[in-house]
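There are two complexes below, and they share chain A, which is joined by chain B in the first and by chain C in the second.
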Partner chain A sequence: MDHHTHSIAGPRELQMARSMCWHCQSEVAGEYFCDRCVKVQPVSKDLDYFTCLGFPRRLKIDQHQLEAKFYELSRAFHPDFYQNKSAAEQTISLGNSAMLNIAYRTLRDPIQRAEYLLDLEAGSVKEIRNSPPADLFEEILELQETLNEYRTAGRASETESALRVKLQSERNTLEQRQRDMEATLQQLFVEWDTLQDRGETTDQARTNRDRILKQMRENLSNRTYVKNIVNDLASTIG
Partner chain B sequence: MAYSDKVVDHFNNPRNMGSFKKGEEGVGTGMVGAPECGDVMKLQIKVQNDTIVDAKFKTFGCGSAIASSSLATEWLKGKTIEEAQKIKNTDIVQELNLPPVKIHCSVLAEDAIKAALADYQKKADGALTEAE
Partner chain C sequence: MARIVGIDLGTTNSLVAYMADGCPRVIPGRNERTMVPSVVAMTDNGLIVGDPAKEHLTRNPERTVYSVKRFMGKGLEDVQGELAYFPYHLTEQGGVIRIKLGEKTYSPPQISAMILKELKQRAEAHLGENISKAVITVPAYFNDSQRQATKDAGMIAGLDVLRIINEPTAASLAYGLQQKTQGTIAVYDLGGGTFDISILKLKNGIFEVLATNGDTHLGGDDFDRQIADLFVTEIRAHHGLDLNAYPDHMQGVRLEAERAKIRLSDELKTTAILDLPESKGRYSRDLTRDQLESLTMELVERTLEPCRLALKDAGLTSRDIDEVVLVGGSTRMPLVRQRVQALFGKEPHCELNPDEVVALGAAVQADILSGGTTDLLLLDVTPLSLGIETMGGVMSSLIRRNTTIPASAKEMFTTYVDGQTGVDIHILQGERELVKDNRSLARFRLKVPPLPAGVPRIEVTFLIDANGILNVSARDVRTGDTQSLAVKPSYGLSDDEVERMIGESFKFAADDLKARQLIEARTEAETIIMATEKAIKQGAQLVGKEDLSSIRASMAAVEAAKSGTDHKAIRAKMADLEKATHHLAEVLMDTSLKEALENKKLSELTSKK
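What follows is the complex of A and B.
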């Protein structure tokens, strides 16, 4: 499937395959309501969340615009407004509302948005196992051991307070590292958007594109590891 | 979702937790992670005459990931390299009764086994060339 043609669509034009209105058989070109009979049209399962909400495939999204679009479509599809309509329309309303909710929840969060974009552009970030960052793993496992020692150390003992100091400083370092990773991600997001805006199809642009996606993937997965251990630290030492 | 009794048992009494001393002979180490959930798994085997005489693990992750690696080390002990290659994540899923959302934990354990075997093989081949 070629997603690239979609990514240049402006917010107003939904580039979807032309199809027929399920009700009056007139042509619909991606509108959510048929021009002629005004019946609601099912959102295609193949539609990506960006297109569904009328946004181009960019990693910077105006939250207010996104929210406004979500509310607009929520009202348009809400099952409450279809109670007196046909069974077919009720089913479409339910399906569209469900899709819309997932699309909104995914795009609202910058990290989930990026993971989703990677999914679309380069196959699932979760399935592809990049070579593990061995240093980071060693560090995490070591820290995990210290955490265990801390948990089993006698309450208010000297060992406990010494370990607490150590863990607190580790936590600060890791939190800083998470922030650094997020800053790097932000830079990559901007790079991605700029590249897409230019819309070049040169070899250089393609190489750049692959590099950005790869770095994004690595940063996203490393961030997950760091975030997990930070959460664990936070819940243990408070 | 409740964990199966076997998962809980492995979680509460993990078998073979720990690691071998650095530089110990015949040890292969596999270190893998699941970006999906941020779990990290380290699995080590100690090989003598093509047979895995001991195995150890350290896992940072959910109960299923710990149970999967704990079970993997139990299974590895006494197996030949060749037999160990044949351990599949589906065997782990079956033994531990893992629900669909936790299948990736067993995949992680299988990956860790594969990585440890590959690491051992690499070291063994290296030692061989040096000896020649």
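What follows is the complex of A and C.
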């Protein structure tokens, strides 16, 4: 395997290495296959998932187009079709397929796609929230208490059924909350895409960009928090 | 490229198939049957496999192994609950179950290898060429250890296992090829020992698995047990006999239970009959389909929850399923069909023989790998989440279940203490929070250069290949050096042990072949002697004394050679005998022809009356 030389090479050399066919040393004009010797080329580990699948960094993606691209590249890279090829090509096929599969899995889901984009653009890992979002603080505290009461209440007792009704209504409220957050996220996605499409480099545009990313991050982590609470609720009251 | 065959290595039966002119075909044996019972018996004359071994189940239960697939990739503690059901002796060595047969012990992959060899020979005899490459199917819900054990079995049998594929997806390939289906399908696969459900999306030749679930310890065997338990209880109550003390009779009960179950798929009522030991006479009992269904209802219900979970993971409801396909012999049970139909709200497909469809699909996959088919592509998933142990005995997931394979994940490791030279890594598979509730796959120690705490950076890549088998590699990010890892499987054979078994297998193969040829020659010699004796009785008066004495001398020579161990000598003497009986045979043929003609005339006369 030759790709660990990439990480110690500088960015310029890395670019060089990428543009040369590993097999015939010719400059690769083709996207995934060498134009001269038709050998499969390794997808660079530094390639982001959007580029890998041939999509711009936008948050709205046509699912059918994405799937079609995934199938097309699966046909190009899958190890099934490299059984009669050299060991080097088999290794590339395996690596490319694994990369493609994770790329597709990430981009297929709108939330994972946004989290991934946030990671690319703002360069930070997913934030895991341990405390409730400020505007939900009181509500969540009360809910935790009710949940504890419910868990300790006797089976089929009156308290249990009363608490169940209460929890069910809490659950409905929280699910609505989650839907609201997702609607806000959708708006932010559109804002992001519009901003990118305009391609401005003004200070105004930069400020806007940072604001959208910040709001998106907050929204995503709040949504995950609420979603976990809803799941917990659902598994407790069934 | 050399031909690749497709093999269904089943709990109860195994099959081998190949692709002929774009159409997969199952290879029949000399007895014209396509299924080889997955049974291996140790006899005084050596190991035998398949139909002849099945006869030893009741004759020689302690030395006849069946359902070995249940033990693949497992330790003894995994099967504690059902040890009493197996008449052969199980032990454990190095985390791997061992089966004691006579003086020797065998690992489950070695026993499976014997079945694979039988299939290999069958294919070689049928196709007239050497077979060394195969695709072997496994239950979709098999974990890494069980898959690895299957691959080991292939290697021990002298097969290059080019791909391990999942049984329900193999079945979908066979169906898809036949019907050019598009849309979302559910494959419900209930075999002899395992249950799988897979949800797939079929579009333009791509078979994309969306989700899979199952139970690797639920199948026809368990249904048989319910019935067998009923018989044993009743025999105890009515005849005062505990059959558990008679392993041969316990096998008889098990087989009769299986036969009754099979009959009840077509009939509403059947009678089970068993001869009892200790001159206690016979046990005879009517069993109705209703009774069978109440005995097995709970087991059938147990298959439905995995179906619901798979739908949920695929983000679908039963209404989204366009077609339901039934696979595995146990889906012949009307109750199973009813429950599946009720769950999905659709009449399930069962056009293809549910016993053969998996082998057919394996042959299709073999054809894809050999480059024969390029328009079909199977994108399968890993059935279980893969992770590593972290602080506090918690599992941290790296590759989620139902991720399309090949799949990889990278994890960076560093040290907590200055000068620390190693990091222990424990790999797990499963869906639970705590390490102890998941399946331990393997452990290894990462070598780290002695540096201040937190400075070393070792990147470990966990890669699940297209077989669903894990490969681990590590790289020091600072130096770029890769390191080889000595991964110790928790429930598997070590590489050295597999190597040794392959060697032994080749050594024994020569002995086995000799033993087999001897047995065959002896059997045929017996047949020819019996036939000759019969011929002498019929036609001694038709030939001269000289002829008769030369026949007798040749018979004696065959008898003498038969007590020796040289199969070639036996065959040579048999050829002599055939020459000696040539004249007698001709004379007899003429007489019987005449008689036949006369009989014919006679019958014509009588029919005219």
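Throughout what follows, the second predicted complex is superposed on the first by the 204 of 238 C-alpha atoms of A that agree within 3 Å, B and C clash if a C-alpha of one lies under 4 Å from a C-alpha of the other, contacts with A are read in each partner's own complex, and residues count from 1 in each chain.
Assume a contact is a pair of C-beta atoms (placed from the backbone, for glycine too) under 8 Å apart; a residue touches a chain by one contact, two chains touch by 3 or more.
Because the structure is predicted, anything quoted here is derived from the model rather than measured.
Asker: Applying the document's definition of touch, where does A:Tyr225 land relative to chain B and chain C: first, second, both, or neither?
Answerer: Only chain B is touched by A:Tyr225; chain C is not.
Asker: Quick one: is A:Gln65 in contact with chain B, with chain C, with both, or with neither? Answer first, second, both or neither.
Answerer: In the superposed model, A:Gln65 contacts neither chain B nor chain C.
Asker: Between chain B (first) and chain C (second), which does A:Thr194 come into contact with in this model arrangement: first, second, both, or neither?
Answerer: neither
Asker: Just to be sure I read the superposition right, which of the two partners does A:Gln144 touch: chain B = first, chain C = second, or both, or neither?
Answerer: first
Asker: In the overlaid three-chain picture, which partner chain does A:Gln168 touch, first (chain B) or second (chain C), both, or neither?
Answerer: neither
Asker: Who does A:Gln112 touch here: chain B (first), chain C (second), both, or neither?
Answerer: Neither partner.
Asker: Quick one: is A:Ala134 in contact with chain B, with chain C, with both, or with neither? Answer first, second, both or neither.
Answerer: first
Asker: Overlap the chain B and chain C contact sets on chain A and report the shared residues.
Answerer: none
Asker: Would you tell me which residues of chain C are touching chain A in their complex?
Answerer: Those residues of chain C that touch chain A are 1, 162-163, 203-204, 206, 208, 365, 368-371, 374, 377-379, 403-408, 463, 465-466, 475, 477, 480, 482.
Asker: For the complex, which residues does chain A have touching chain B?
Answerer: 125-126, 129-130, 132-134, 137-138, 140-141, 144-145, 220-221, 224-225, 227-229, 232
Asker: Write out the stretch or stretches of chain A touching chain C in their complex.
Answerer: 1, 4-5, 7-8, 71, 74-75, 78-81, 83-84, 94-95, 97-99, 101-102, 104-105
Asker: For the complex, give me every residue of chain B touching chain A.
Answerer: Contacts found on chain B: 31-40, 42, 58, 60, 111.
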